[in-house]
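Letters A, B, C, D and E name the chains as they come in the text, with residue numbers starting at 1 for each one.
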Amino acid sequence: MSRIGVFICHCGENISRTVDVERVAREVGLLPGVAFSTDYKYMCSDPGQNLLKKAIQEQKLSHVVVAACSPRMHERTFRKAVEAAGLNPFLCEMANIREHCSWVHENKEEATVKAVEIVGMMVERVKKNRVLPTITVPVTKRSLVIGGGIAGIQAALDIADAGHEVILVEREPSIGGHMAQLSETFPTLDCSQCIMTPKMVDVANHPKIRLYTYSEIELVEGYIGNFQVTIRKKARSVDEDKCTGCGVCMEKCPIRKIPNKFDCNLGMRPAIYVPFPQAVPNTPVIDRENCTKFKTGKCGLCQKVCGPGAVDYEQEDRLIVEPVGAIVVATGFDLYNITEKPKGSMIKGYGEFGHGKIPDVIDGMTFERLASASGPTGGKILRPSDGKEPKQIVFIQCIGSRAREKGISYCSKVCCMYTAKHTMLYHHKVHDGQAYVFFMDARTPGKAYDEFWRRSIEEEEAVYIRGMVSRLYQKGDKIVVMGSDIAVGVQVEIEADMVVLATAVQPQAGADALAQKLGISYDKYNFYSEAHAKLRPVECATAGIYLAGACQGPKDIPDTVSQASAAAAKVMTLFAKDKLEREPIVARVREAGCVGCFACKKVCAYGAVEEKEIRDRQGNLIKVVAYVNPGVCGGCGTCQATCPSKCVELDGYTDEQIVAMIEAL
Amino acid sequence: MHPEKQKHTFEPKIIAFVCTWCTYAGADLAGTSRMQYPPNVRVLKFPCTGRIDPVFILKAFQQGADGVLVSGCHPGDCHYIAGNFHARRRFAVFRKLLEFVGVDLNRLQFSWVSAAEGGKWVEVVTDLTEKVRAMGPMTEFRELALEEQWSGAINTPELEEAYNQI
Amino acid sequence: MTKSIDTSIYAAVSEAIRAEAQRILSDGTVTAIVGYAAARRKGSAQPIVISSADDAAKLIFTPACVNNLAVYLTKAKKEIPKKGKVGIVVKGCDLKALSGLMGESQLKREDLYLIGVPCAGVLASTVQPATELTSDSIAPKCTECDAQLPGGCDFVPPQAPLTPGQTRKYAAEIARLEALTPAERWAYWKEQFSKCIKCYACRQVCPFCFCEQCLCDRNKPQMVDTTPRPAGNTAWHIVRAMHLAGRCAGCAECERVCPMDIPLNLLNRKMAKELKELYDYEAGFEVNDKGPLNSYTEKDDQSFIK
Amino acid sequence: MKKKKMIISRETMDVDFVRKVEALSGTSVRRCFQCGKCSAGCPMATFMEHPPNRVVRLLQLGQWQRVLAGRSIWYCASCETCSTRCPNKVHLASIMDALRKLSWDLDGPSKESYVQLANKIFLDNIRIYGRQYEMRLAAVFNVKSGQFLKDMMLGPKLLSKGKLKMFHSKNKNMPEIEKIFARIEEMRRKGEAL
Amino acid sequence: MTTPLNYSYYPGCSLHASAGEYDLSTRELFKALKIGLTEVPDWFCCGATPAHNVDELLSLSLCAKNLELAEQVEGDLAVACAACFSRLKTAQHVLGESPVKRKQVEKALDAPLHLDGNVKHLLDILARDLGLERLAAAVNKPLTGLKVACYYGCLLTRPTDVTNLDCVEAPTIMERVIESAGATTVAWTHRLECCGANFTLSRPGVVIQLANAILDSAKAAGADCIMVGCPLCHGNLDIRQKEIEGVYNVEYNLPVFYLTQLVGLAVGLGPDKLGLDAMIVNPMPLLKEKNLS
């Protein structure tokens, strides 16, 4: 006979305001099997937990139900307390009478009746709970970092410096990401490449880091501590081991007019190229779409001029499988653009700004490339249309961001600061020019940030206009900016030479597809979701996967680096132990009843089901049954719902437990 | 300011089978956002919709549920990779079976509710509750449970007396 | 209007079966053959297992050879396959069941020698064994048969069956029921299920009910009421139909053996129809790695999900 | 109106009026975050004493009297540029409609009488004739607004081009029209519609 | 095989008065293109801007009533006037979205609503239902060399997601139609700017200022003429053009055509069938210069 203890939490007044907790305790106390029931102001507090522990020992309780908040909140807390009192933690269940009851109902009578029933259901369930021993699994102490921008680089260096191997995978031919494209950085105006490139070189030289550039994640299998990652190393057409990075191939390539994505298509590159001079690795890649050799079979000049014979037209994509124990996702961001979007898409473009067809209306990243000393203009601010220096330049903030109508409601967080920076860079480079900024709010929280913004106005003479722009149109070689100043309450018209749009920060294209491979969740914009907004901001809900940088939400460089180091710390914590304890919520096969139809194996997404031969003492095969590898099992229970004779059961969610709950209704 | 609460004569029992990662979390969000919905629903938490056996739905109706809701993660969002895809097929077929034996499918609702969709949870639960309330109690299985073999008509006074004494 | 169905090839088919059986038993290809033999009543037939070439002459094929012999290879006679390779006489419908069993790892193709029979149809369970085969006396499942000639067998007699176009009896009945209101359908099935005496003959005869312990016999927890009362009966038949969905090959043995004449195959056919419409799945001769309910595509219909 | 200090309190912020605006317009007033894009694109903003964004701002503060006292709402051309470009999906054109309707109900404390007069004649015409007759509209407007000579130059030219019809044709549905007007009035009397 | 096109037709008040040439040219053009057009019997005013300006319920009721009347005639409803078009579409949209307003209007009409019919602007019919290819095939006298500034005004494409005629900020439907008729279009900046609309009566000063900006922009872009699909725009640009020229001391001399007039010319209809004589800015010298008359 079970001796169940039921503990009803008031949650201050959060529960007791709408649920008569004393009555719940009283009524539940009468249920068969309930030996003890009580209520308390804060069950999760220290005295609350002590009350629980004391009751278990004094009342010799066999099972515990805590009726309080959502189990997603405190199940761990109470199971730990129960364990401390000497009971198996899985003999404790929580009844959710806060999120699912007191907070969503107002009528006290109704809410109380519902609470009694919810607790009653959990009482019946807990009776069927079994002692579950904790499962331990080995940990592979290598980690995968996806994305070679500043977030991925920082995380990789931190983990590698702690002595663990790191696999760093980057989609582009070089690591560096967006930070490598920036000219100067706020709020100190130090040169981005000066602080970035040494880190890139560190990555290349680190003995513990294995770098895969021009590579993508193909498949992720396994689970925390034991992932198997398949990486597609795209054909570079240049052998990385042989190439010395001399650059002769690039000099000789006859195709020279391909817009360089790294320079926001302002500069040109050959068909065999490195995206920028400081690229890591400094190994060129052939852009097969534009290469004459690949298009027509003729040419082959680069191969002829290559001394070490590194150019290899036959190279194919390679699939590499790497076992890792933890994954850091650092895929970063992309910039929204104002071009016309397909009909029906959630995101819209800016027709009122000409859908990106006015040549001298550019985005912030393009301005960075113009301002960068290593950029296509050598650091001169020149108009893309005619190469003239713009004397009147207009910056417009919140393009795409905070624009529900365009499909994006969030604030992109970095634009206020980088626009302030742009006005300064402009003022430093075009002394007789004037910068104007249309803005709604200046959001400058951060160390020395607001001072920086004020400096752009007070010292660098940028004219800030509080108001938005309704329309942009080309008039002769000017761009007419139709805006308003809401402080004055008048319309403002500026004939600008150039307009820079602070476009929104969006997740990388394909972020959702990668998330699906990883089995992590993402929001409607495709930003990856952290496990808890405040308390677990760098972990995914999927164990063993961590987030760093703008793939999780818009971030500036200091925030990104902090989060990357935090993710690295999480990985190191995981790697600090040789074995990992995991929740024993896994499927088990009742071999006696299994007839070996392997429906379970067919539906298992983890490949956890194996075939196992049962033999008699003489070694004769009796039958082949299913076996679930507890280390691999994800614990979804799809196998159990599929098994016709229910000979595979998911611990913690057995049919007995569930039927008991249904019958309690 | 709240509208005057309406009194109903029939309060349906709704059972919701939900996955813990999306819909349960969505229902939690409805709670943390203090949204309001009818108290008729009882939530049973599963790790994944893939774990939900059609037999549970049958069992729920037999145990007196007037409506059943099955809800999990949106396609592609399954915490367990593909549990919801398997569930989708399983329930697509099962509901056709129930329909064929004469269960009104208005009593059986399936939905995708993500952890971010507290509002959708409220909407789904409210809609189902109101729909089932309008339909009245689910009597089919309940009547069946009271019946004996051969339609269970107790047609003689002796039988009736014997029955009453049980 | 009653149309007679030509069964004249059955004699030649029987002859061919006997010759082949004689051959494969003599040369040791197989250790035993499961087939049909004449039974005591005139015109009737019954399953037989022969292991000697001398017994090959006992084998027949007639319109009375209704049984699905696949069941003898799994649970009914579990010891049979272990002795070595086994021959089995299969109609098209039976072969579909065998393919299904292979897909579910219950049988291996290499352990079997398949003797396929060209079949124009067999008799309904409601008529006497000696009855002439006509569009009235034919088993309902044969009116929807698309497998008169089994494929992928080791041996098939050369005769080709001739079958007239027939009214699809299950399709018509499904359409009739679908047109009713839910309440009317409920009343129909309530009436049908209330007849059930829970003898489990349907389970016993089904080649796919090979579970060692049926879910419906479990009492910890009791998922389905085991007593022969309407509530439990209804649950049993719903669970049965669900467990067979995507697996049942349409041999209709369940319906044939039901002592209370419950139209069990109607449920199975309805499920088959839905699976065809939803996922374009049909039971066939090929061995599928995964059934329609063990697999999925990302684009599956979800119009019923909010 | 002289620029008076705005005393803000729960009493002076008329939230009920704002709710009426929201009900009539079907759009949220609170949602506006004052980016000013509406005012930037408004073709009529230069004629208004309160640019469109400020009209919304005043509503957010419950200061509708200040809005209705001005001529801003009557200078809105209903071109819907504001609604189209609002980043926040505030349907300002509908808010303007609602404000004019409420101002109309209050018997127009506004300065702008010409636009109101034109509207009134226009609607009267519909009620009486079912359709619009520009000649009559213009004539009555000029008479009532005391601008007897306005657009004098245009009249004969238009007449000669056949652009101003002097007479109206018969419409079978006239009784229906009257009924619609009457039913709406009735609904309003009973408080069934705003 | 192409199915014959047949529409019910809602001309709107202006087309029966100041914009008679729009009505005339529409009927003649559709006849020439073999598109059936049957006028909605005893339609009445949609309420236009004044009604929704001060009385949305009235505006919705009038539009709903007209939609109901249109049901009597076979085919989708063809609308010529941009303002009527925008009003009818908006009414459909609002009544579909708001059950409260729907109930009120049902009460005002004392009848159930008919909202399912398609409401189409003439442009939509020419560009999509007939199709540009068939339109081009019907052209006998291509408008070669004529540089047209297509003026959308406010209401053809607005409100967003309601009229669904074309992209609200960068529409091209007028250009596509008139280019199919052989004309050249100019890129200009004030295609979507407001002309002042019905302020023409109450505050003509406003109209003169706004219309001037439009005429100025079209002239600067090198246009020979302006094409419109709205009687109100037409009134402000054509009827008031001389006055504007006087106020600003400029000369525009830009004929303002209705789209049906220009397409009609290309199809080969004579000036009498297109009501060209009703235009205040005389188009004949221009047409002569371009060999189009």
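Simple rule for what comes next: a residue touches a chain if its C-beta (ideal position, glycine included) is under 8 Å from a C-beta of that chain, and two chains touch if they have at least 3 such contacts.
Predicted model only: the values in this text are computed from it and were never measured.
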Chains touching both chain A and chain E, listed by label: D
Please find the path from chain B to chain D through touching chains that uses the fewest steps, and give that number. 2
What is the touch distance from chain C to chain D, in steps? 2
With centres defined as the mean of C-alpha atoms, identify the chain lying farthest from chain E. C
Chain whose Cα centroid lies nearest the overall Cα centroid: A
Hey, which pair has more contacts between C-betas, B-C or A-D? B-C
For chain A versus chain D, what separation do you get between their C-alpha means, in angstrom? 50
Centre-to-centre distance between chain B and chain A (centres being mean Cα positions), rounded to whole Å: 35
Length of the line joining the C-alpha centres of chain A and chain C, rounded to whole Å: 52
Between chain E and chain D, distance of the C-alpha-averaged centres to the nearest whole Å: 23
In chain D, residues with contacts to at least two other chains: 81
Considering chain C alone, which of its residues make contact with at least two other chains? 215, 223, 293-295
Among the residues of chain B, pick out those that touch two or more other chains and give their numbers. 54, 59, 76, 82, 86, 90
Chain-chain contacts, ordered by label, are A-B, A-C, A-D, A-E, B-C, D-E
Which of the residues in chain A come into contact with chain E in the complex? 340, 350-352, 354-355, 405, 473-475, 480
Touching chain A in the complex, chain B uses residues 2, 5, 13, 15, 20-21, 24-25, 27-28, 30-32, 34-37, 39, 42-48, 50-54, 56, 59-60, 63-65, 76-83, 86-87, 90, 114-116, 122
Quick check: in the complex, which residue numbers of chain E touch chain D? 13-14, 16-20, 41-45, 47-58, 61-62, 65, 69, 94, 97-98, 101, 104, 107-110, 153-155, 158-160, 168-169, 192-194, 196-199, 201-204, 206, 210, 239, 243, 277-280
Which bits of chain D are touching chain A when the two form their complex? 33-42, 45-46, 50-51, 53-54, 81, 85-89
Once bound in the complex, which stretches of chain D touch chain E? 24, 26, 43-44, 47, 75, 77-81, 83-84, 91, 93-94, 96-98, 100-101, 104, 114-119, 122-123, 125-126, 130-135, 137-138, 141, 145, 150-151, 153-154, 157-158, 161-165, 169, 171-173, 176-177, 179-181, 183-184, 187, 192-194
